[in-house]
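In the two assemblies presented below, chain A is common to both, partnered first by chain B and then by chain C.
On to the complex of A and B.
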């Protein structure tokens, strides 16, 4: 639930999602759900010459299960806050 | 729970990338919680480096959610400007969990 809330706060920001098939897609985070499925708007594939498979796609839904990394804007993460929150979650309180 | 559902894409043309790297284009007719989807009038776009993109007609298709990587909204305007017969690329790699 923690990372779900965390990603919800990032809605509207520009992120790069790297998939488990090595495809990297950059776009504006539109929404996230409990499975960490991600919807991006205004997408472009990072290496378009190598991967022209999504040239006519501007908005997409990415299944949470195939996400390897989400690259965030540098100011998109408050490390202290996340640190405390993860500790609290680990303690179960 | 609200989130990135596929409601807004129903009856629209979508481009699906599956975990084994296939690209299937069709009209979204239905979906569920597990991202299982029903596609109508679908076709597969087969990419290769030797020749342009080949189209394989599939018709009515159900894809199991487990096997789906991306569901993209196909922009008809952009798509109509694509020259698929001259587009060459390696097929997408399969997803490795």
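On to the complex of A and C.
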């Protein structure tokens, strides 16, 4: 559940979600659930020439299992917090 | 599991012709939306029908042709969204992307072959166009709720791929079953997240995160040190 908690902290931030079908969508992280399903708002498609039909979409729900990468805002990565959390996760506590 | 879109004609005998659900597996009807057109890929919308949303799948049944209907499992719905921009599509609709067996082969054109035969399993886009656009937000919300009811099935087989680990208990269980798993964890840290999808996915990604952290720490230290003169640097710093 580490990454679930981590992504919850990023709600409200700008992220780019890259899907396994190469579609990359940038938007404000609205919410995330335990399966890492992701809801984005104010979305825009990074490669608009390739996916013109997605232009009209302002919010979307992305199934967690089709996500390849999530690009994070650099200042949204709290090293200390992650360090601590990963250690606790590894200990299984 | 059937991947992608499929024909669906399993209606009960009643006048309305509601879809027959798999009650045995707990499938329940969540929402019925009359007056919905469906557009598959770049094909023109098909005559108004009724949209049925169950806990497992989305079904569209034609109002005029009992033999016509489509269904897709929530497991195959990669993405759904509300589309309102008339520039992109003439009518406000629910836009969905469908995961297919061969995703890379995105043949858009059924145009060349004519309308009579097209392969549903290759359809990667589906639009649902309600005659009442004010229903879009409700439909979007129901899609979200039902998607969350359908997480990826956890495969029990002892294969090397797609054994997702969801919590620490599972790691412990797998450690108990698997042989030499602790050895793998402590001596095999070079696997990358993308490369290894094995039983110890989580453990390895945690390890990789820690490696990355140390890298960042070094960079940070160097930054701090650059403010001082190099002469003052001591080994204990």
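Assume the second predicted complex is superposed on the first by the 93 of 93 C-alpha atoms of A that agree within 3 Å, B and C clash if a C-alpha of one lies under 4 Å from a C-alpha of the other, contacts with A are read in each partner's own complex, and residues count from 1 in each chain.
Note that in this section contacts are C-beta pairs under 8 Å (C-beta built on N, C-alpha and C of every residue); 3 or more make two chains touch, one makes a residue touch a chain.
As the structure is a prediction and not an experimental result, all values here were calculated from the model.
Taken together through their common chain A, the two structures put chain B and chain C in a clash. By the touch criterion defined above, A:58 lies against chain B and chain C together after alignment on the C-alpha atoms of chain A.
With both structures placed on the common chain, the touch criterion links A:13 to neither chain B nor chain C.
When the shared chain is aligned, chain B comes close enough to touch A:50, but chain C does not.
Look at A:33: by the touch rule set out above, it reaches both chain B and chain C.
When the two complexes are overlaid on their common chain A, residue A:21 makes contact with chain B and with chain C alike. Judged by the document's definition of touching, chain A residues 19-21, 23, 33, 37, 39, 43, 52-63, 65-66 lie at the interface with chain B and also at the interface with chain C. Interface residues of chain C, counted against chain A in their complex, comprise 77-85, 87-89, 95, 97, 99, 103, 124-125, 140, 143-144, 147-148, 151-152, 166-169, 171-172, 202-203, 206-207, 209-210, 213, 216-217.
The touching residues of chain B, when paired with chain A in their complex, are 1-6, 9, 15, 17, 19, 21, 23, 35, 45, 47, 65-66, 68-75, 78-79, 82, 87, 89-90, 92-97. Of all residues in chain A, those touching chain C in their complex are 1-2, 19-21, 23, 33, 35, 37, 39, 43, 52-66, 79, 82-83, 86-87, 89-90, 92-93. Listed in rising order, the residues of chain A touching chain B in the complex are 19-23, 25, 30-34, 37-39, 43, 50-63, 65-66.
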